[in-house]
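What follows is a structure written as structure tokens; I'll ask about it next.
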Amino acid sequence: MVTLASLELIEVRKAYGAATVLDGVSLSMQAGEFLAFLGPSGSGKSTLLRVIAGLETVDGGEVRLGGRRIDQLPPGDRGVAMVFQHYALYPHMSVRDNMAFGLRNAGVAKGEIGRRVLDAARVLEIEPELDRKPAQLSGGQRQRVAIGRAIVKQPQLFLLDEPLSNLDAALRMRTRVQLAELRNRVDAAFIMVTHDQAEAMTLADRVAVIHDRRIQQVGPPMEIYARPANVWVARFVGSPAMNVAPVELLDGESDSASVRLGDGSQVDTRVPRAGLAGAGPLQIGLRAESVRVTGAGAGTTDARVELVERLGDRTLVYARLSDGQALTGEDRGASRVQAGDIVGLRIEGAAAHLFAPDGSGRHPVESTTA
Amino acid sequence: MNAQGRRNLLQAAPFIGPFLLLYVGLLIYPLLDGLTLSFHRADPFGGRAFAGLENYARLASDPVFGQALGNTFKYAVVVVPVLTAITLALALALNKPGRTASVFRGLFFSSAVLSVTIITLIWRFVLTPDAGLLAEVWEAAGREPVPFLSHPDLALLAVAVATIWWSIGLPMMLFLAGLQQIPEDIFEAAALDRANRWTTFRRITLPSLRRTAVLVVMLQTAAQLQLFGQAQLLTAGGPGGASRPVVLFIYETAFTRWELGYASALAQVLFVLILAVTLLQFRAGTSRREP
Amino acid sequence: MKGLADRHRLSPLALAGLSVAALVMVAPLLWTVALSLKSNAELMRDSGTAFFAPYTLENYRAILQGSQVFGWLLNSLIVSLGTTLGVLALCSLAGYGFARLEFPGRRALFVFVLLGLAVPEQAVILPRHQLFADFGLHNSYPGLILPGLAAPFGVFFMAQYFRGIPRELDEAALLDGASRWTLFWKVLLPLTWPAQATLGVFTFLASWNDYWWPLISATRSDRFTLTVGLASSQMNYAQTSGLGYLMAQAVFAALPILIVYALFQKQIVGAMAGAAAAR
Amino acid sequence: MKSRALLRLAAVAIMGAAMGCAPEERRTEISVQRFFGECGAVYGRSTEVAAAEGECGIVTTLINRFAAENPDLDVDANVVAWPGYAQLTAQIAAGDPPDLVTMHQSVISDYQARGLLEPMDDLLRQAGVRPEDFTAAGRRGVTKEGLIYGLPWDTVGGLYHVNTGLFAQAGLMTNGKPVVPRSAEELLEHARRFKSATGRPYLIQSQVNDPATHVRNLYTYLLAQDAVVFPDPQHIRLRTPEARRVVELFRTLEREALTTRNQDYPAATASFLNGEGGVFLTGTWMLGPFEEEARTPGRPLHDSYAVIPYPRLWGRRAAFVDGHAWVAPKRERSPEQRRALARFIGFMAAHNFDWSRTGHLPAFRSVVESPEFQALPHRSDIAPLAAAGAPLPSFVQRQAAIESMVGEELASAITGAKTVEAALRDAERRVNDLLARL
């Protein structure tokens, strides 16, 4: 039998009455892969997770796991385990019973249950806590129990619903590391729902950006960052959000497109020109690190500084071009720039993205890493 | 019904089925049977003759029913607000940790465990002018004892006092439960906003207790409109029917007069009235916006 | 928190008020106990003597000698416990059903059950009496227990409580492969214990104190509940000269439940006050 | 721990239930139901009838005695709350009435008219009890439409229980006998004199929760005036000069505080026992207890007790009386059971004297005439009650319900909550309303 998970979503649809929440979602996962569902709240990412878990029924499409169709199976029979956002530990059961509950329901032999629970507890370092009740545990311990409860089931697929959102910053970092270790230890696939892109980027092999009832883009974190499929993804991923400004395509012989910003300044990109001309209005996408602050008149164009955000190692400068277009640029950590200053902005055209009228992204031929 | 609906129904049946079965068999069926009965002249031994609306026409012009209905509502109008106010006050005062508050809570709850026969016995020997506790105290003070149980203006009040004394426990507990659900941080926020005790009470505590209060008032209204045992055992409805509630009248009609049809009609009318009053309260209690 | 400490302590004024109220509350009880400790002859002359010694246990001795009070106590206990267990079982099941299961007509059925709250016992008692006669249920424990089981308030109460339990727990259990029944029995039901305690106390007291139905259903004195049994002694000319005895009977009848109450006061009061779903 | 205790409790409960349901041995079972109170604490298993006092004590020991003398019978004795008719009605409606039950003679017609009672002629014959031996009042009380529906057990009526000590203070004793008023005016005059002499009310009445008191007074004096109270089964007639006269008298007594007020039955009894008034208007059943008090030194009533029938104030000497009877509700019975019932009836008839020690008048002429009855104190004083006593016409149904309605209205009139006229009108309307629908 197939032991490695290979999740497949085929045209999954889900609606509550007239309100569609998932509109033909298709996705395919590799065995042992760690996938993150990234999206703002209300995007449908949690619903998609619950559809996979079987907590929601599907109105159309198929869900397959390891080649087996599971969308009609009850949650307990799907071979998936889930870690809930609020952990959903059974308050009246000890840690041990919490972890054993699912195995007992599945009719696993007693000795086997004990062994698995003990193993998981050792790994998660909650062995001393086994006979306590959830109410007696700290937040981090509860979180580990919730993970332990999933581990003992030895599922083909782990579903993690915002697993870190209830932890404080320090604990979140530690748990992130733990999750990464866990992932290396068990032979299963992971899906994690999150709205935190740093989390998604650091943990996941691939990220599925979900917005507006659909998967907008699936890919490895850096690809999502470097080659966003559309304006929405481009602006959602990365901080600060990518600058997007309307541009005019300049005529030229080069294979790469040159464009003009609203204030008249010209940017030479490395985006292939093919297919852009005559399509309609274009937008340029610029990460802040591609817009360097220089002395006035020394860059591609000048701008008035509106707000300065000093981050220590670097400084973000929120500025406005002469035509009123807002642009965020980056300066050294020791920048002296102040609000009201006129500064020059040097735009690295080689790193610029262009977005077609339908929003789809066009990227530089050799994308530079920022 | 589609297949899914049928499946869901089948799944729910073992859970709600047993209760529904008993509910329909023991409450709804007798209620409907009583409704049928109310259109008949009937006695307890199976004799029935159709009488149309006779029983209803009769109760509309029956001064004894009128008096009983008046008594019942007068009584409920006194008991429900007083009981609500007292129990709310007690709950507010006793919503504290510590031994003292706990002892007091137990004390105020203690009367609720006594049965109606016992509390009427107790109160008879508190209120009766010849051997009662109050009379003894009164006489010791050189005063003429008050005939609480036989004065037309006091008998109903006596029943009300005994009932309030008896019924304090449960509503107090409901209010305490309600109070414990108000998050502590609201009070802290209010304190930071320099709200004084009264303002805190009016603007925070009270609105937070609204749902509990509505529940208490509804349950108590339904219960007090069904006053029976206390009146029967303490005053027998007297003097001159001054403390006879509707239910006692129903009891007399059924069991000493054997007019089952008429008794059923009275009961149906009482049912509709209670339903109407509690529904009105429910609407009044929930129509305003939630705090 | 420090500024709010006074909210957690009884002010002297409140303490004084409460003490007066408590006195009003216990005075009738103490009076009853005092009367029960006096000889009947003395009380016949002047009940005011109850304020002073000598006291006697004569009346209690008389009760313990062969009166039927013990039988009635046992009956009351059986009926009240039976009713309580039945109500808890039925209302937990139904409350869960209404709170958690989706099925056609759920809302309508729930409203239908709530209507029962407004049904006065008198509207159903006579037809019910006939019904029970047809099934030969009078003068039996089932006959006394069954009517108490049609308790719409319990269903409402339990449904509200179940609604208050996070659905994540259900989902976790479903993912743990629990059946509907396991989910109900092993996961959710144990969490409702405060509500069970509250409803249990409500039901037990209501059943213990029920008067009308046992009066006409339990017509044999060996089937009387305590309430009816005491009434049979109380409403009688022959007993009017035995005031002390009567009061001793009342105290005696109240004693077991007061003792249970005293023993479990913390749990009862705590359960009721802590029942998160009292609405 | 807790659950262990609960378990044990449940086990006890189940065992109790099982024992309650266990099949009896093969003895003929008869169920006997009575009121008169519960006094198992004092008389539990006692069969010493002669040592028992009061209604409850005597009836309890009698039944114990019967059970002891008839070990082949299983006598299930059931005590119900006074007056027990709600339960009896419920039992009959449920098809499970007792074999024999105590019933007021005034109530018999209610059940008899619906065919719920067995005519008892055969049973009486089987028991060797001859209806010819009943007193006139007793026989009238149990005879309906020419058939006998019960074993009459006594005649019960109202009496003037007198505190002779206080009467003497007021100068109302002659030759060691209380001076009896001969008219309403004279009664008022006596009462006023009594009050000014002793500072206490002349009358003690239980007026709270006790409609019977007022109704007994009214019926008695209406009978005395030969007023027709029930012209036919569907009507009562109360708006008559005769009725007004009676009610006005008691209203005047109340207004002038010549009677105790606001007393219920226990309070009134205590008042009389404590010597707080001259005359206690109550029934035959208190004769025994008061006599006991009169014999006890140190009590206010010691050697200060007399009892007389209601004095003649208008018309002729009369008394409204009722009585108790043993009746047999209709149900299936085996011949053995019938024989058992006959034995019980015969036993109760044979012990009618014991019952008369309560103060009630015997239902058998032979007992009335017996030397042992005559030897009981005060019995000769109240003998006229047996002769002059009369119940309501036997066709009048729902007498208990009528009594409570009339009593309630009378109380309103006497306390002044209503005018006499309005009260009589309301009483008449309510009773007629009831009777019209029988």
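Residue numbering begins at 1 within each chain, and the chains themselves are lettered A, B, C and D in the order written.
Throughout what follows, a residue touches a chain if its C-beta (ideal position, glycine included) is under 8 Å from a C-beta of that chain, and two chains touch if they have at least 3 such contacts.
These figures come from a predicted structure and were not determined experimentally.
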In contact with chain B and chain D alike are the chains C
Which of the two pairs, B-C or C-D, is linked by more C-beta contacts? B-C
Could you please state the distance in Å, as a whole number, between where the Cα atoms of chain A are centred and where those of chain D are centred? 93
So how far apart, in whole Å, are chain B and chain C when each is placed at the average of its C-alpha atoms? 15
Roughly how far is chain A from chain B, centre to centre by C-alpha average, rounded to an integer in Å? 59
Measure off the straight-line distance from the CA centroid of chain C to the CA centroid of chain D, and report it in whole Å. 37
Sites on chain C at which at least two other chains make contact: 46, 130, 216, 228, 231, 234-235, 243
Got the chain B residues that touch at least 2 other chains? 44, 130-131, 255
Interchain contacts (touch definition) - all pairs: A-C, B-C, B-D, C-D
In their shared complex, chain C is touched by residues of chain A numbered 50, 53-55, 74-77, 80-82, 84-86, 88-92, 101-102, 105-106, 149, 153
Counting only contacts in the complex, chain C reaches chain B at residues 1, 3-4, 7-10, 14-15, 17-18, 21-22, 24-29, 31-32, 35, 43, 46-48, 51, 90-91, 93-94, 96-98, 101-104, 106, 109, 113, 115-128, 130-131, 146-147, 149-150, 152-153, 155, 180, 184, 198, 202, 205, 208-209, 211-212, 216, 226-228, 230-231, 234-235, 243, 246-247, 250, 253-254, 257-258, 261-262, 265-266, 268-269, 272-276, 278-279
What part of chain D is in contact with chain C in the complex they form? 9-10, 12-13, 16-17, 20, 31, 35-42, 44-45, 54-56, 76-82, 86-88, 90-91, 93-96, 265-266, 269-270, 273-274, 285, 289
Spell out the part of chain D that touches chain B in their complex, as residue ranges. 85-86, 89-90, 92-93, 110, 114, 116, 207-209, 261-264, 266-267, 270-271, 398, 400-401, 404, 408-409, 411-412, 415, 417-418, 426, 430, 433-434, 437
In their complex, what parts of chain B are in touch with chain C? 1, 5, 8-9, 11-12, 14-16, 18-20, 22-23, 25-31, 33-34, 37, 44, 90, 93-94, 96-98, 100-102, 104-118, 121-123, 125-126, 130-133, 136, 139-140, 165, 168, 170, 173-174, 176-178, 180-181, 187-188, 191, 211-212, 215, 218-219, 222, 225-226, 228-229, 233, 247, 250-251, 254-255, 260, 263-264, 266-268, 270-271, 274-275, 278-279
